[in-house]
Amino acid sequence: MNEHVGLRGRAWFQALTGKNEPLTGDPGSVLASSSLLGNEASLFLCVVPNPESRFPCVRDGQVGLEEAYTLATRVREVIDEDRDKPKAEKRPIIAIVDVKSQAYGRREETAGIFLAAATSADAYASARMAGHPVISLVAGHAFSGGFLTHGYQANRILAFDDAGIVIHAMHKEAAARITRRSVAELERLGHEIAPMSYDVKDYAKLGLLYKLLHVENPLQPTAPEVETVKQALIEAIQDARAGSTDLSNRLESDAAKQTRKASIAVRTVLEAQWQKS
Amino acid sequence: MSTAEVFPAFVSRKSFIELDGRERAQSLFDQNAWTELVGPFDRAESPWLPMQGIAPQADDGCIVIKGKIGGLSAVVVSLEGAFQGGSIGEVSGAKMTAALDLATKDSEAGKKTAAVLLLETGGVRLQEANLGLAAIAEVISSILALRQHAPVITVVAGTVGCFGGMSLAAGVSSYVVMTKEARLGLNGPEVIEQESGIDEFDASDRALIWAIHGGEQRVGMGEADALVEDDAEKIASTIREYVKAGPAFEHRSQQVKLYRDRIAALDTSQQIDPMSLRQEWSSNKNSGGAR
Amino acid sequence: MEQIEFDYPAANRHITKKAHVGVVGSGDMEVLMEPADGDGARVTITTSVNGFQDSWKAVFDRFFSKFDGAVKIQINDAGATPGSVLLRLEQAVEVIEQ
């Protein structure tokens, strides 16, 4: 499973855009393309492993400094180019997510990767707030700082439903070490406590996903399967356009009303007390 | 003769770091001009911690206080670093997001309300993993919505510091205030040593840690705005100034070209000397890049 | 994790205030003290450290031997020593007796 990190992202970027290269001047770890989705030009972005990266801690598909600032640059280009367009014509931005994690390196910390990550999240969120439909397709792994940087500011999130999809805050071994449990205990806890689970079907119970997609061979999708996914992305774009530009939809699904009821309750109580204070 | 006359100021200085999360929040407001919202007696606890045998805290480690700072409307959201390392769980994250959203709503209706975030946190609470991570994404989004209308001021005072996903919250804030003792970064030294080896980062090397993550370095690098002494009155006074200053004219997290060029100019063939980089970046603050 | 309850029906003095003290940090605890729902005092403890029921009872027997307020006490505990528990309780009493 782990050895596929990054491969599924690249495979889906290629399947959806027909392209497989970074733009001129961009690092090899960021694939970007303006491609048609339906009859609408959309910006597709994907972070992939770059074994030749100048940064040693980024070569396996981590999201590092160059990746974050490149993503921010490409997203802000689209925001600027569409600045005067009416909301219905703001181009969609599709983040294909298959990232190992954020980069864990001294160079990165020294040069302020926290700010790089913030800059990318800012760009994606600003696009969303300006009216661009921002859609994330989790094609593989989506961990922690990597996902916060690339994908988690989307209006709508889609994911494949198989065991190759893992969305989480920290990979199992490290999480087990830090919480002083065994990996087996952590897995067991995940069965009872949905937010701790590494299974995307449990993630779906949190109410954050727009749709779970099924594909027989995720690394080599058939043409009909690619069409199905394109159609799902188009529907997500329409759904995003019809809704709000904030993230309030993440508390509105039936699943969220169940699994995130403590969030909903505390928001309600806080608002009531705020108005009275 | 009063104590203030007999003893020098540093003795009567009140440490901000020694205050707990609630006391820190209270200390920032004008006298008698604050109310805590969803406090401990509302018992908005984590539903997830008791399921795994961990005692919850009645406020889930997040204190929300609303009131006046320098006569201006503000809400302070303070993370209790001693509870689960200040980590973000479902409820603590929801309290922070809700407070930001309500400040935004008031601001949009004409009552500008600043937010002050006291971040002592390691990031996501692993016992709530995906709900903690999702909550952080929502906090980031809500800061971005508010900061257009009113300042969002992050304070990292120590000793926990601000790490993990919440470092992005600091990154998108209007202003960041730190002490020398505080640290700010995406990954802490232990995590880097674990993931990338001890040669990459020796987590026992305290000098290295502060040279990279410490408040003096972050402010010197232009990644934070103010370095303040660990003194409750001085910190409160700094916050008052930033609340009064209003929204930032330009946000650090929007200066893409500046930072992209700076990163492109880095020599990555070996580790980067933090002091040299600080000097280089502070000497070309306003230019688009070194070349 | 354990949930422990004690009742002290003789603690009947009318109380009007509430107090919150402490943090659920390692080796520490928080106390929520408020007027009781009915007669007497009730204590509810949620602790992540199991097996100390007798120790908790001893602490509260001692506390209520000197304090007669009709209070509802909730404790969230992460391993505070009996000495720390008494200290936190005393801090809470200071607030409600102000």
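When the chains are written out, they are named A, B and C in that same order, and each has its own residue count from 1.
Methods note: contacts are C-beta pairs under 8 Å (C-beta built on N, C-alpha and C of every residue); 3 or more make two chains touch, one makes a residue touch a chain.
On a predicted model such as this, the values are computed, not experimentally measured, just so you know.
A.B. asks: So which chain is farthest from chain C, going by the mean of the CA atoms in each chain?
C.D. replies: When every chain centre is compared against chain C, the largest gap points to A.
A.B. asks: Mind having a look at which chain is the central one, using mean CA positions?
C.D. replies: Taking the mean of C-alpha atoms per chain, the most central one is B.
A.B. asks: From the mean C-alpha coordinate of chain B to that of chain C, what's the distance rounded to whole Å?
C.D. replies: Roughly 33 Å separates the two chain centres.
A.B. asks: List the centre-to-centre spacing of chain A and chain B in whole Å, with centres computed as mean CA coordinates.
C.D. replies: For chain A versus chain B, the centre distance works out to 24 Å.
A.B. asks: So, what's the distance in Å between the C-alpha centres of chain C and chain A?
C.D. replies: Chain A and chain C have C-alpha centres separated by 46 Å.
A.B. asks: In chain B, what residues contact two or more other chains?
C.D. replies: none
A.B. asks: For a test of understanding, state which residues of chain C touch chain B in their complex under the given definition.
C.D. replies: Where chain C meets chain B, its residues are 1, 18, 20, 23-26, 28-30, 32, 34, 46-48, 74, 76-78.
A.B. asks: Spell out the part of chain B that touches chain C in their complex, as residue ranges.
C.D. replies: 20-21, 39-41, 50, 53-58, 80, 82-83
A.B. asks: Looking at the complex, which residues from chain B come into contact with chain A?
C.D. replies: Residues of chain B touching chain A: 35, 37-38, 42, 44, 46-48, 51-52, 64, 66, 90-91, 93-95, 97-99, 101-102, 123-124, 126-138, 140-141, 144-145, 164-165, 167-172, 184-187, 191-192, 194-196, 200-201, 212-213, 218, 221, 223, 251-257, 259-260, 262-264, 266, 268, 271-272, 274, 277.
A.B. asks: Which residues of chain A touch chain B in the complex?
C.D. replies: 54-57, 65-66, 69-70, 72-73, 76, 101-102, 104-119, 121-123, 125-126, 129, 144-145, 147-149, 152-153, 167-170, 174-175, 177-179, 189, 192-197, 203, 206, 208, 246-247, 250, 259-260, 262-263, 265-267, 269-271, 273-274, 277
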